[in-house]
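Take a look at these structures.
You will see chain A twice below: alongside chain B first, and alongside chain C after that.
Now for the complex of A and B:
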């Protein structure tokens, strides 16, 4: 992959010609992955979620700090187990013309909650005990237990109740009331949408190979791309004057995980030594071309439970060696570890660098790279000493229970490192029981400081979002969570040739 | 001849049955759980159990295999875990693209390989022969993941004649077909050269020349016809491979064929599609082999006469 990219970059530098972009008015957006399902009741992949945001409206959205904010509705907490949502008075009708009412909201959530429909989103919503519709504009949600974070869970796109009843194939012909209408899908690599406000056509094209995606951008066959590029390609495009680039700090959290039941990495000193032995700044600069920011916790500082005051482990090989000696290891008796990772080229490169950095302090790492199914199966089953992965799209802090509580060891959760710590359990339980959001955020901050101390994970970095477009593309605003909402405002400036043509037609 | 075809058909059906069972068993052996993919890790165990039951995955393996074979008889390969669409529909949607690319590649391969192979044989140990074999060696050695971007750079960015990728008209077929056809042309030209060299010194060629036939007639009517048998086998196998999807080329050129479908399905762990594409690929191979065998028998009567049936 590295050789491939290097060859392509060399040839690119020598050869890239200046093709004119296509002259039609459709805006073309290159995607790495297919939106697998355009029915929000079943979609689970990130690309589908991002495209579905354009096609459907949801009750709430999130602000910069990942706090829930009104989208289709405002809300009021009537009691700890009763939330009332008021639909916005001015709201778009569905794409087939029908008005969106509270009954549509109820029908959508009732469908998801019906166990016989096997929606993947049901488990996040099982705290809903009942949904009532007092008027066309009001929906009441009744819960079976208090949860102050409840509005954050209502992110499913709303579908028309009458079409739900008739089993309309939303995955094939999405009908929502979002800013975009679905036009067609000529084949599995094209989706055509139309922006309702100005009838601007947008074509989403699946181009899996990152190099080809870049070549299409340079040739003007597509207008813009977002994320999913090797850092060296982003760095290359950064220097191209035909391309504009936007960057924004993201919240996708990369980390090193440990099996806490392992006799070696189960020792706190060893994990601390590893944290001190990894030079994250160098990796971010040289390998990731500064497209990431060091992380000290799962949530970035700007998140409402984030903590900017947390100070992580500095790169200190001397301290790492001292810690290893205290743990009874030295050059004659080095620590030997296996590091499991997937076959993703970037992850493999990171693993190789970590292997080298750990070797400098006397930790002998052997890398095991497996296909995703085997790798993930091993991680869930606890068949590892050390591994690296990322958490993507984290919004609500209830993830801490799922990842670090002792009751969440797989298959009951994602406590893959078998982390058992009474203080963490107590803080998680306290935070969840607290109904005051300010107090809740304080407890979560204490929890994150504690986790940074006991190190069930070594936090690595938050990946940056990158948007690349041809120079004549304007108005795209890169969002904090990497969604495609920038398509709501993006436009193409007419080229000089088109302007001249327009002028010559002036009377 | 009918008996021969029927016998081959019967053995093909037997192979299809074996392959179907093998594909089914393999999909149950690989790591990963389709229920986890559908409902996510966070799903409640009771929900997982309910879906497992609804999909019949709780049943003993041999019963599941029986159900699978029953559905196969109705051409039902199940539905995609992610999109909810029928796998058969998806495969049928993708196949024309693969067929188009395969036909394009094989056309290019034949157009290049036949003249190159024949000339190299007729001018053995000359510069033409050396040049043709150098092309063959280079063509076989260049990997598609490198040749593809190189052709894109030349044909799409430098010259601006072809689109970089995608399936949008005849022009968009040129670069992927060229990528795929180059290696095939190289292999074919070597095969044609050695096959022509073998027959060109045979007695019947000398007889033809002695009868006063011209060089063109001798080569095309006698030498090539007799040299075609091994070439036909190779062409059949290559075409079978092409119809089962050119994974790398389709991925590079965003070509919506069977190969890219399989890669997407593997990446998304969409088990029914993976199962369906593997079965499809097997069927393509079996089908093409069957056609090759029949053509072989038509071209060489000794084969059908030797056949026990």
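Now for the complex of A and C:
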């Protein structure tokens, strides 16, 4: 223990010992990744989406159950193919002073829908046939086919129409009407924003290495961090008096995927054996330090199409061995599989544990870890037998068509396992055609039960969101989808020294 | 003599670990999730790693990986490099020019970056690491052999052998190669140290052994992530790697002095 403490002290001294906690009023937020694009028309990564929520407003938002709720606008369904959105009467102007009107909404969505602009969000919005602006406060969306989930798709931040026309570089100088104004980007690792309501400055700092991020938090160089930490570091900080911690059940869905055209994992019995051979409870408890919850479907039970009654596959090596024998495999003829994963440390650890657990039932797994580009390229091209990945930020159940419908094999969708199942196709089509939301959710629940039975994926778990801050940071509310909206309310409590100083300056 | 016996002892332990490792009753890939990052104790003298495997057991298996990679690479690189160097220098003309151009091309890239690029292109795996490092490593031997042969190919005994009708192959490998052995052995000893480090570096980058196999480089890579909460995970393979590289370098220094005619003359 003495050695441990000495080493930690040395590391602290060498890395951050020369700096002291900063005394200015800027709040500093440590990020693992940079926001790749601050233009919401083109941003696709999670960090950009989370930062863009602070800079731009969108027409709708989501509640706890991922149902669409009004944000910048309320709406009314005039007909199955006509939605009318009413902009909120008390809305913030754009950061450059102009009022936000319905024309700005139309200009933003027209830009995304224009194929020549190559927006990655266009494909999700192609059901829009026309956009009309009857008044400055009303936008009409006309669809080319009915879709009751349509409002859920309108999550792109609204940009000023006059700047869209002049090709303003929003990715460098974002101008929206969000709660935060973009100040500057001194270098590739710093973004400075200002909260409009109280002129509070917030600095986003990119610190990719989790250990360095933790050391900077402990040293007071940054005030808060969220997610992207190994579970051990979270547990380590949990015991530190200087740090407060918030946890919240998340919806990021981790799973094992299979190539269903493969002669081995294409067999249902083999996939069922794999599901029974993995001890998820033990992995969640020991490896993930209980920062995850077992999953039986893509959506958590709290989601409006979630199903709390689904019962997953229990850890049962005996049953797994029996299934393998039924499939014609035994110790003399073991199942041999290749498991592809990225070089992400936690994914590699999970892969190695799964490899060990599958070996106990007679499945010989060879792991291939590749850099993200190679790995993702292989997965999209179907060059795999088994892989692990996560779905992040799932909101609407139209994802089922994208992932499991037989017409969604890449490049047309994300049916990477080449899953072709007539019953799943039928249920997906039925759910999409149904206009009654209650009936729609029932069909999606049946679909999820069916998917759990046929196992194109073996569901693993939903990862938890974790927020860590210094004790004097208050008011941050961790959201269900891990966004950074807590920055809207976060404040730093003055230290006793600062209070004394303030008091001494009172007249 | 401490310069001889201390490195020999360290390298002896390394070699024994590598050679008899598979015969030992160890379980380097056994995972016990309840032991994740457990510190050293009487039952596990180096503790457990990030998925509950014995670090001591993995250190022994990792020694074998480092040993096999180091000696495979040095063997391939020294044979290929020496042969090409001797042939180029002995034949001269366009053969020598071609060799020099190829060597220049290889030297234009930093060695480890070229190895990373090759290993990345061929995919992760220990065989590919050996090939990548051998592709980069032969150049040093070729340059050394070429320069030595250029200096001695006109020596009297070579002229005599040629006059007696000895074939080119016989002259190169019977009359020239033995005279290159001293500098080549010294180059070889330093080569082992650099390959051990290069293998560790490639494994550190995820291009070396694949899970669950162990290598010191991959153990250090995994351990660095837990320096705050479990420093023992990185200390054990780090110290092992440092000792082996240190021992090889000290032994190489000793051999250079021992084979140096001038220093022998002085001592005598």
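Just so it is clear, the second predicted complex is superposed on the first by the 484 of 507 C-alpha atoms of A that agree within 3 Å, B and C clash if a C-alpha of one lies under 4 Å from a C-alpha of the other, contacts with A are read in each partner's own complex, and residues count from 1 in each chain.
Note that a residue touches a chain if its C-beta (ideal position, glycine included) is under 8 Å from a C-beta of that chain, and two chains touch if they have at least 3 such contacts.
None of these values were measured; they are calculated from a predicted model.
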Check your understanding: Given the touch rule stated above, what does A:215 touch, chain B (first), chain C (second), both, or neither?
Key -> both
Study note, to complete from the structure: Between chain B and chain C, the one with more contact residues on chain A is chain B
Review point. Does the superposition put A:39 against chain B (first), chain C (second), both, or neither?
Key: first
Review point. Between chain B (first) and chain C (second), which does A:282 come into contact with in this model arrangement: first, second, both, or neither?
Key: second
Check your understanding: In the superposed arrangement, which partner chain does A:336 touch: chain B (first), chain C (second), both, or neither?
Key -> neither
Practice item. Using the superposition described at the top, list the residues of chain A that contact chain B and also contact chain C. Key: 4, 7-8, 11, 211, 215
**Study point:** Sites on chain B touched by chain A in the complex
**Key:** 30-32, 38-47, 50-51, 54, 82-85, 90, 93-94, 97, 145-146, 148-150, 152-154, 156-158, 160, 163-167, 251-254, 256, 260-261, 263-264, 267-270
Study note, to complete from the structure: Touching chain A in the complex, chain C uses residues 29-31, 33-34, 36-37, 39, 50-52, 120, 123-124, 206, 210-212, 222, 224-231
Revision key, fill the gap. Within their complex, chain A touches chain B through residues 4, 7-8, 11-12, 15-17, 19, 34, 36-37, 39, 42, 44-45, 115-116, 118, 120, 122-124, 126, 169, 171-172, 187-189, 205-209, 211-212, 215-216, 218-219, 221, 372-374, 376-377, 380, 402, 411-412, 414
Study note, to complete from the structure: So, in the complex, the side of chain A touching chain C is made of residues 3-4, 7-8, 11, 210-211, 214-215, 230, 232-233, 235-236, 282-283, 285-287, 343, 345, 348-349, 351-353, 355-356, 366-371
